[in-house]
Amino acid sequence: MSTVSRFPIPELDTLPEDIRGRIVAVHEKAGFIPNVFLAWAHRPDEFRAFFAYHDALLEKEGGLTKAEREMIVVATSSLNHCHYCVIAHGAILRIRAKNPLLADQIAINYLNADLTARQRAMLDFAVKVAERSHQVCEEDFAALRRHGMSDEDVWDIGSITALFALSNRVANLMALQPNAEFYTMGRASGK
Amino acid sequence: MSTVSRFPIPELDTLPEDIRGRIVAVHEKAGFIPNVFLAWAHRPDEFRAFFAYHDALLEKEGGLTKAEREMIVVATSSLNHCHYCVIAHGAILRIRAKNPLLADQIAINYLNADLTARQRAMLDFAVKVAERSHQVCEEDFAALRRHGMSDEDVWDIGSITALFALSNRVANLMALQPNAEFYTMGRASGK
Amino acid sequence: MSTVSRFPIPELDTLPEDIRGRIVAVHEKAGFIPNVFLAWAHRPDEFRAFFAYHDALLEKEGGLTKAEREMIVVATSSLNHCHYCVIAHGAILRIRAKNPLLADQIAINYLNADLTARQRAMLDFAVKVAERSHQVCEEDFAALRRHGMSDEDVWDIGSITALFALSNRVANLMALQPNAEFYTMGRASGK
Amino acid sequence: MSTVSRFPIPELDTLPEDIRGRIVAVHEKAGFIPNVFLAWAHRPDEFRAFFAYHDALLEKEGGLTKAEREMIVVATSSLNHCHYCVIAHGAILRIRAKNPLLADQIAINYLNADLTARQRAMLDFAVKVAERSHQVCEEDFAALRRHGMSDEDVWDIGSITALFALSNRVANLMALQPNAEFYTMGRASGK
Amino acid sequence: MSTVSRFPIPELDTLPEDIRGRIVAVHEKAGFIPNVFLAWAHRPDEFRAFFAYHDALLEKEGGLTKAEREMIVVATSSLNHCHYCVIAHGAILRIRAKNPLLADQIAINYLNADLTARQRAMLDFAVKVAERSHQVCEEDFAALRRHGMSDEDVWDIGSITALFALSNRVANLMALQPNAEFYTMGRASGK
Amino acid sequence: MSTVSRFPIPELDTLPEDIRGRIVAVHEKAGFIPNVFLAWAHRPDEFRAFFAYHDALLEKEGGLTKAEREMIVVATSSLNHCHYCVIAHGAILRIRAKNPLLADQIAINYLNADLTARQRAMLDFAVKVAERSHQVCEEDFAALRRHGMSDEDVWDIGSITALFALSNRVANLMALQPNAEFYTMGRASGK
């Protein structure tokens, strides 16, 4: 067992070209290789599907800001006690929201975090999808529309939550460890 | 709202070629178009990512039989009260296991189902990943190894569970309705 | 241990006349002997009390249709993961409602089933009695009255739920197996 | 609404002869009429079935002492927060066990009550049947056998628990109030 | 292990003067030494801090009657299954409320107890603080204000609940046994 | 409402001498006044009792290191979703353990944190006391003794957990906000 995952971590130069390319690109941009890339690359097809889903939901344009999407990830990953996702996406949230405090607030108790009413409603819905999606009902959609959200925004909230329901479980299966860099990123005024 | 999903269902001829091709192929094979294909096609990139992940885990070769993989889907989708997945994958399980009774048994209470000790251990682990993945520990891996499972098999069990943690939440978000055909498929001696 | 129950199954000709008579009658009507009759007959006095209670609630006239009473049984037995009751009463519900799909829908997630508003309110109340009866309050009665239900109807909903709280626990204690016939009864257009 | 139940309480002289006879007999023996008799008599057939089941399990001979059977009632009725059953059967337990303290101990936390190892195992099993009967397994039977219990004793423990799963839900549905006499019965050295 | 606590019980004459003085005073007033005093005196500094906190909340003047404060203790200690606190404070509640029945009612199911609307709202809030204090919100304060409570009263309800969250856990850690006297105090018309 | 607490924050110079003295001292040592001191000072007697209890458990000598005591606070405060305590004691833990990562690991999922076997057992017990103290039993004491802990150490673990069961609930009642300083303290190699 490596110190990063319960499963084997592949050598970078043994990986298919597209996967190695993505990892090289993230390394150049971030200055380090987030462990999730190396750990998931143990299964190249699953790597490609996961990051394709991730990009489709977190990198596209849409009604939710990129910071708001990270709020959903942090709030629901905390419910699932996912060490990797709370630490890594907490860092991304600090940077995207330019706020050094918000990620920890949301991870501990989003009900006491410094949020707009719209963001609070967004997280109420995300938590419902994470914990008891079979109870989602028309009233939930109506509540989000009152905050100006479209049905496409509701799909996004629900699907981001669903994607991290997957991601949290796989990361917990791996006992995936976050890189030390993530713990401190964005803590100095969100920079 | 269509009767199939809370979200719009695209017309088949408006879909990208690869997606339409996949849907035509499943139509020819099954005799009907499972609603999950039409509903997810509302978001082509997410459609592609979801089915790529699905095929990587459920269609490949490996230590788990295809029937066993469907057992995992039925057991964990039932915990999540996912109407579509229990009905549709219950049908697939009846056919793959050539057993008309097993899917309902697993959906209601897998602890009382007609399973081998290995399958029982497999579902115990899947349920743990579905409900409390942060408590997965070395003892769980050891228990599965005692039933002859490799670490790659454990990855498969955990990842199938994780994929349907995603799928169940999206289907519940959509209020996705299963096709009527699924309710009766495979009930006559698994045919 | 028999394959039907963890406890002994009596021979039919060793049973008291009234119990044997009831079993012969159900055999003639259904074409097979539902296992619940044989398993409970291990304790004749308990057999008589159970079926007397059953008939008093499920066979009498009243404000709830017979199909609606079976909906209550299926919804709450599913919460209790009672293999026998979900399968056997699912079959009876298909026949009484002349609907081949409804029983599975209610067993998996009644919130997503094809129900009237009145039936939905009825099952909301049944689920509350099944899971947290100590919180039943005047507002619950008022909600049911708004759907045209009398206090006697509320008694019926609550008592059917309570009777299957008993039945589910005894069947689970026995590990009672449903007859194979129940799995397919009523699936062809509710016939 | 009477002060005893949310449902009507019948006049004694309007009741069928057998039911009135039973109530007169309990009145003579106890010195008062326990409210459960009057409240359940609103439905004579259900009254007869309930008390027949009750007598079959609590009044017969068997491997469990009568005090032990009442322990099961108090422990599981407390889990269900049933006001009537905890108070009334707490009184009966004080008398049958000739112990003025035990009923309150079991109602609050049976794990800290003054019990034999056999009684503790009995209540562990009863609590499992009350809360998650679908998980009852062969190991549970084996544990009780190690304390000298037969399979018939296990049936009794499980069925008493199941009967009060019914009784607690009906009493909570009624908001059934215990007679004031029950609160103090048996508190002076169990007399 | 003594029969009173899992931890050593100090001899009275080995205790610091202030602690012995308090114990002598309570002995004179009550006629016996409640076990909580002897058990906590194993740690003199913790004894002093606990009883200082206790007196600050339960003995001072304020918007809540002393009986109402004991209702909070009994309701929340019952949720925590704290044998000592339910029995001892149940006795104090019977005496302070001059009501021999109320303590048992609140311990079993406060929703079915003989309370004013104000007391019911008070206990709803106490239970929320006991079980899920992170969800306390402005609406909770507003609900209590509608019953004439000030913010200082809300502090008192929440803090009494919090103090017994501590007390219940320490008493359960000790397996602290209540004195036999508490079981019967105040049962004769609250005297 | 101040931005620090739902309740009034007293002016420093209106406070009793002993309380003002303590606050001045902590200000000098830490460089800022932690909000918990100002918020609790709204009730001087409760302030004194709380900090006396705190010092008796967290500042004294004993078998647990000071860092280990903070681990207990962080792990159990996270279960209670207490924003203030996780952030403030997370900072103290980073400093006392000279480890910039451990506090976040324990807050998210202590089962995946970098702990010794003894610390893991300590937190297993603390979590049990926090969530279901009525189930504490002799086996729990035995497990801790196998890691070299004395009964006095067990008392400390349980009582620290109990004190923060109080503290978390009061802080959540107040919606107490942590000072911004705490979020970053000790993140640079625990300095």
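Here the chain labels run A, B, C, D, E and F in written order, and each chain numbers its own residues starting at 1.
Simple rule for what comes next: contacts are C-beta pairs under 8 Å (C-beta built on N, C-alpha and C of every residue); 3 or more make two chains touch, one makes a residue touch a chain.
Every value quoted in this text rests on a predicted model; they were computed, and no experiment measured them.
Among the remaining chains, those touching chain A and also chain E are C, F. Looking at chain B and chain E, the chains in contact with each of them are A, C, D, F.
In this assembly, D is the chain whose CA centroid lies farthest from the centroid of chain A. Centre-to-centre separation of chain D and chain F, using mean CA positions: 44 Å.
Per-chain CA centroids place chain A at a distance of 29 Å from chain F. Mean C-alpha position of chain A lies 24 Å from that of chain B.
Residues of chain A found to touch two or more other chains are 81-83, 109, 111-112, 134, 172, 175.
The touch graph of these protein chains has some other shape, matching none of line, ring, star or complete. Of all possible chain pairings, those that touch are A-B, A-C, A-E, A-F, B-C, B-D, B-F, C-D, C-E, D-E, D-F, E-F. Here chain F touches chain A in the complex through residues 78, 81-83, 86-87, 100-101, 104-105, 107-109, 111-113, 172, 175, 180, 183-184, 187-188, going by the rule given at the top.
In the complex of the two chains, the chain A residues touching chain C come out as 134-135, 137. Note for the complex: chain A touches chain B at residues 6-7, 42-43, 45-46, 48-50, 52-53, 55-57, 60, 80-83, 129-130, 133-134, 136, 141, 151, 154-155, 158-159, 161-163, 165-170, 172-173, 175.
Across the interface of their complex, chain F is touched by residues 109, 111-112 of chain D.
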